[in-house]
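Here's a structure for you.
Chain IDs A, B, C and D follow the sequence of writing; residue 1 opens each chain.
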Amino acid sequence: MLYFAWVRERIGRGSEVVDPPGEVVTVADLIGWLADGSAVHSAAFADRTRLRAALDQVFVPLEAVLGSAREVAIFPPVTGG
Amino acid sequence: MLYFAWVRERIGRGSEVVDPPGEVVTVADLIGWLADGSAVHSAAFADRTRLRAALDQVFVPLEAVLGSAREVAIFPPVTGG
Amino acid sequence: MIVVGPARINAAEQFAALSAGGAGGIATFVGLVRADDGVATLELEHYPGATEAALQRLVDEARERWGLIDARITHRVGAMAPGDVVVFVGTAAAHRAPALEACAFLIDRLKTDAPFWKKETRGGETRWVEPRGSDDAAAARWSV
Amino acid sequence: MIVVGPARINAAEQFAALSAGGAGGIATFVGLVRADDGVATLELEHYPGATEAALQRLVDEARERWGLIDARITHRVGAMAPGDVVVFVGTAAAHRAPALEACAFLIDRLKTDAPFWKKETRGGETRWVEPRGSDDAAAARWSV
């Protein structure tokens, strides 16, 4: 897992390695599973409408299937430029 | 009169002072009067669709009335930039 | 060419590189930290690897769509002060229309497609910048 | 600011002047003598007085229409070689959309509204450049 911007700040770290169970199929499932297991994650992920995700460095909707992705990133909407 | 680009080259000078008669009312009249009086002007003004004009430095259509304008410029379509 | 890093952006150098290709028209857009709205410092975070890949995809798409001679994006990250250049976007083409359109495309789409996040400090308070709804609309007009 | 003259145009200097006003976005367009289409020399003629007035009207219109912080047009006249900058157009605004739109407006309208004429020499032959129909269409899209 990689976290950026205020997601990173609220979780208190930029990356972590997780091993979710088989019923975690989508990015949204993964977010829910992390929130269920930790008050810190639960607070950081409280408003799902403000979360965006990438699988192996490609932007995806939260409904995307994790599949064999090795790198999952969670972050707020981007604000560059 | 001021001439620019190939109009200037064909007429052989960049400016001249003229004193048209009263029946010369528009820019087109002035062009016709100059062409009637000189083979060189007649050749330079042969294709009226390729001529543009300005009165006292403001672009006008050939049908524009000369009025009290003191500076009349005749030139091809512009090609700057 | 894509560059993402903490170094100060030299617009003149970027411009000279674009001029070298024999183009008839060069369009550029430069985004700066505004000096007039009370921001003391701006901090830019990015997603190393993914950011560069996203910018490269945009440059590749612009080059193909508008037949560009060259396209460059340089985006600064880290701490910046008012007046500093945040991003330089430049396009070079034979004629002006493709250069101008591709330049607008690149900065509009960069705003929504490239993982950067801005944190600004003003009046002693620090906050993450919220995206503007108008950015989505600007990016969407380039959909084919 | 409007400049029309024979001096070589320094894009970096122009750019620095635009950056000085505290803008959030700066858009520029630079037109160059193309190095790839066989032109040996380009000669630019203008209508002294009328040309500067036409450019000033365009800059005034752009500043008002898009609320610009600054707008600059510098156009070279006289003899030029491939790679030389013919024209520099630059706009500075608080945000990117007005800067980009005003920059495109200025160069599109300059092409049809400002009295300049180009004469090019290629392969030993000299000819006056004909206007492109697409220039009228590009200028017309800015009519209000």
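Methods note: a residue touches a chain if its C-beta (ideal position, glycine included) is under 8 Å from a C-beta of that chain, and two chains touch if they have at least 3 such contacts.
Small disclaimer: the values here were computed from a predicted structure and weren't measured.
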Mutual neighbours - chains that touch chain A and chain C alike: none
Centre distance in Å when chain A and chain D are each reduced to the mean of their C-alpha atoms: 48
Whole-Å separation of chain centres (CA-atom averages), chain C against chain D: 23
Chain B and chain D, separation of their C-alpha mean positions in angstrom: 26
Chain D: positions in contact with at least two other chains: 31, 96, 107
Contacts with two or more other chains, residues of chain A listed in rising order: 81
Pairs of chains satisfying the touch condition: A-C, B-D, C-D
Of chain B, residues touching chain D in the complex: 2, 4-6, 54, 57-59, 73, 75-81
Interface residues, chain D side, partner chain B - complex: 31, 44-47, 49-50, 53-54, 75, 86-87, 107, 110-119, 128-131
Chain D residues within the chain C interface of the complex: 11-12, 15-16, 19, 22-37, 82-83, 85, 94, 96-97, 99-100, 103-104, 107-108, 134, 138
